[in-house]
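I'd like to ask you about the structure that follows.
Going by the order they are written in, the chains are A, B, C and D; count residues from 1 in each one.
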Amino acid sequence: MPSSEFTLGANSYGKSGIRLVRVGRESPRHELRDLTVHTALSGDLDATHYTGDNAGVLPTDTQKNTVYALARDGIGTVEAFAERLARHFVDRVPSIGAARVRVEEHAWDRIGEHSFARGDGGERRTTEVVYDGRAATTTSGVRDLLLLNTTDSAFSGFLVDEYTTLPETDDRILATAVTATWDYGTAKPDFDRAFAAARGALMEAFADTYSLSLQQTLYAVGERILKAIPEVAEVRLSMPNRHHYLFDLGRFGLDNPGAVFQAGDLPYGLIEGTVRREAA
Amino acid sequence: MPSSEFTLGANSYGKSGIRLVRVGRESPRHELRDLTVHTALSGDLDATHYTGDNAGVLPTDTQKNTVYALARDGIGTVEAFAERLARHFVDRVPSIGAARVRVEEHAWDRIGEHSFARGDGGERRTTEVVYDGRAATTTSGVRDLLLLNTTDSAFSGFLVDEYTTLPETDDRILATAVTATWDYGTAKPDFDRAFAAARGALMEAFADTYSLSLQQTLYAVGERILKAIPEVAEVRLSMPNRHHYLFDLGRFGLDNPGAVFQAGDLPYGLIEGTVRREAA
Amino acid sequence: MPSSEFTLGANSYGKSGIRLVRVGRESPRHELRDLTVHTALSGDLDATHYTGDNAGVLPTDTQKNTVYALARDGIGTVEAFAERLARHFVDRVPSIGAARVRVEEHAWDRIGEHSFARGDGGERRTTEVVYDGRAATTTSGVRDLLLLNTTDSAFSGFLVDEYTTLPETDDRILATAVTATWDYGTAKPDFDRAFAAARGALMEAFADTYSLSLQQTLYAVGERILKAIPEVAEVRLSMPNRHHYLFDLGRFGLDNPGAVFQAGDLPYGLIEGTVRREAA
Amino acid sequence: MPSSEFTLGANSYGKSGIRLVRVGRESPRHELRDLTVHTALSGDLDATHYTGDNAGVLPTDTQKNTVYALARDGIGTVEAFAERLARHFVDRVPSIGAARVRVEEHAWDRIGEHSFARGDGGERRTTEVVYDGRAATTTSGVRDLLLLNTTDSAFSGFLVDEYTTLPETDDRILATAVTATWDYGTAKPDFDRAFAAARGALMEAFADTYSLSLQQTLYAVGERILKAIPEVAEVRLSMPNRHHYLFDLGRFGLDNPGAVFQAGDLPYGLIEGTVRREAA
């Protein structure tokens, strides 16, 4: 109950990890979509927090049901599906003022008319749509796209202090799991084409760039994504440095000409940055 | 390289997942501290992004070394240790303007003078200190504290629409994994005492509250934490609803008087909210 | 379909990961049991493999239902519950000749009359009962019991070859996540008392032993468990060596008197062995 | 120490999770191999267990070093690499009587001359070689190959008892994560060709088979693998049933013609079986 001392601040509630698979049977060559959906609603929800009066609460179970029901007639792009869901909750439920719907899509490779294969986990295409009753804004991207260059990566000339022991290197493995997000705002480009262009640009930039630092690679990747999707003004990138340590074979009387590496786990470097369409 | 078209926005870099264990051997009754540390630095880092000039880059490997070196003479509270690290990076490294240091502490139970036991994973005490060269602000909390009530939880009177199938219930299991954070700002209370008080208040509020909704429990927990630590103005809580479904034994001619439950995994409800020290 | 060329060999099927929570409401002080159950049935199952004739197949969904139904009136020890389930499947279903039922129990700490807290994941008490229509044999144990000694562990005098670089040490951290199993055969001791005795003996042996190798600790733990539960003839132990590396502070002009360690992740040593009640 | 009461039984020790990446730089088109290696040695190891005398113990750290050193001049097939390692330990170290070396290979897709991409986790090619000083036997396979059919799967005519509630279905999604192993014994076929043939046969059999039960699919897959690799006498298959539940849209006045599914997590069916080259 509200008191003279305390008050409710920002809040939201929803259903996370809704696992939705949809089969398109329009032809004998079935289509397969595999999504994980997360909903988060906010609005006039003081009563349930203060007194447990749930009259304005659309249960998270209902939110889940809605995701499956609205997939009945097809999904379309993940961006369009997320917006349809967000609009549904805000436009139909008086107590809900805003909805945030996130969707991750897991890709499958076709191996037959109705048969598919894929690796466990891994890369996902992502989107997040926020709708407040007036405008729907869209942010899309990719999560955990694993990339590795076996050469054309150096790291030297860095700041040295009393705790620095890292040797300089002019040839190392550079590996990362890219998470990128970019904002479409209220624009509605061809989302599938834009995603394919952005992902292709990302991979090309990673492969093409002679890297003097992972930061430089990050900036190059961001620039190339912006060039690929003109609708977008800003790209945010998170690139963990999945360290590969050149194994010291000298202790055994062997050289190691960039051949044998120990893949590290923890700790890992984490490089995060934003690239914007705007003169410096 | 900066161009007439693109520019670097917000960015940071650091080392994540630094696993530090420290043994205190001041007496035969050894002390054990087990931390995971994450650093994130920002500042004048345009050059490495634009041209790969790393002269201002303190390597993430050096950041890791620093964490171990500064633990040499003891850790103290996680809050004090995080601040010491943050100040070190900003005060010593000219190119670094701000540091964000996060620490998670894993608790062990003593089983002997120098012997300890604990469960894998699980609850962690957390802190995050941000220092920008002028002020150090501290946010502390707890992650993944698993709590379960077998009764005194109901959920009814909620909004019903065409997709609602959830039955009302006046007695259910309520289970969650609480993540809470609260801001100390620049205050320096007795952090260990404050944490113990907050954690105790959290657990008592969860156990005491007759819950009409998880939102109501969240608010009650937030209020109780604010009462326990007067230095704090705001608590943020994230409480996933770890659903336990009453198993339908009626199909087998059996009743189920709140006895047998199926613990769910995905999807799960996610309730997030803020409680503030301020009249409504 | 069987052919002149190929034939079906050993096989089984069942339901894994059945998450069962049971609340005992006999008094206001509720009891909580939290189990994960796995069933595996075998028998006369050629037809479903060769031709898809499922007349002898009790669906894994039914096996799951059975687990919940048989929990209706209480669980008792995990050993007794596993045996009840195994006997049910073999004695009631003509096509099933043998059942293997595994149960893992997750412990909760009481924090109120009907309130509980626990860490996520971590240690589980385990059992596996195999019943073939004549005899039920029981194997019990513990999984992932994390233990750590800050001293009284050395490792030296080992075999050195051309690839050896490990320095000898007379004082290191010894940490492991013990998985142990022991066989009761067809005996029916007081399973709860036996488990508590075995677990206590395990922890005491770990804490008491001055360890010259993890193998020596393993053997000492096994011996102590056998002393604690006279019904048991053999203990099998799996003890990963969770390496803690003394961090080299000498590079910074600091000593490190057994104080600061880097907890390793991959790779890890894995020591496995059996201790038997029998003169050497 | 051995006593008149207790004795050491079967035991082994080794290093698990050795992460090895090797770059082949013979041409500008670099080759990339990414392996996780596990070693387990056994032999005359009583002394370290009984008294902590480590004279016969080759440290697990040395085993790790050996894996990297022996990768210096190339890896070849995972089977050949595992055998080289196993023979090294047994043939060079007098106290070691037998070695078991497991290797998992993670595949990467080429996206440039020295650039690669892959999903996180997922399918691995596996092998295990056991060498006892006389013969080396090889078992190979695949782990966690995710496959899904959108149709041509039914499950009906099964045994019904008092706890059966599963409806019969003549059209369902069939999804699984195949783990398969097959024995080459002491034969040395072209391992890469054999693996490719087996994996291709596995996927074809999964896609081709009209499935009346997952057991029938398992048997068909096993038969097809045996046809593809004549050197092999037995295939063992583990196929979790990754349930996809047709979502009940009828509650909302909608039909669901095999379109919308909820992907389940826990519990899951687990079907395991062996197919042998031998007349029934």
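Note that in this section contacts are C-beta pairs under 8 Å (C-beta built on N, C-alpha and C of every residue); 3 or more make two chains touch, one makes a residue touch a chain.
For clarity, every value in this text was computed on a predicted model and none was experimentally measured.
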Given chain A and chain D, the chains that contact each of them: B, C
Euclidean distance of C-alpha centroids - chain C vs chain D, Å: 22
Computed distance of Cα centres, chain C from chain B, in Å: 30
CA centroid of chain B to CA centroid of chain D, Å: 37
Overlap residues in chain C, where contacts from two or more other chains coincide: 19, 65, 69, 163, 165, 251-252, 265-266
Graph class of chain-chain contacts, one of line, ring, star, complete, other: complete
Contact footprint of chain D on chain C as seen in their complex: 2-19, 38, 40, 45, 48-62, 64-66, 69, 92-93, 95, 155-159, 161, 163-166, 211-216, 218-219, 222-223, 226, 234, 240-241, 266-280
Chain D - residues contacting chain A, complex: 19-25, 30, 32, 34, 65, 68-69, 71-72, 108, 111-112, 114-123, 144-152, 173, 177, 203, 206-208, 244, 247, 249, 251-252, 254, 256-265
Interfacial residue positions of chain B with respect to chain D in the complex: 162-163, 165, 251-253, 265-266
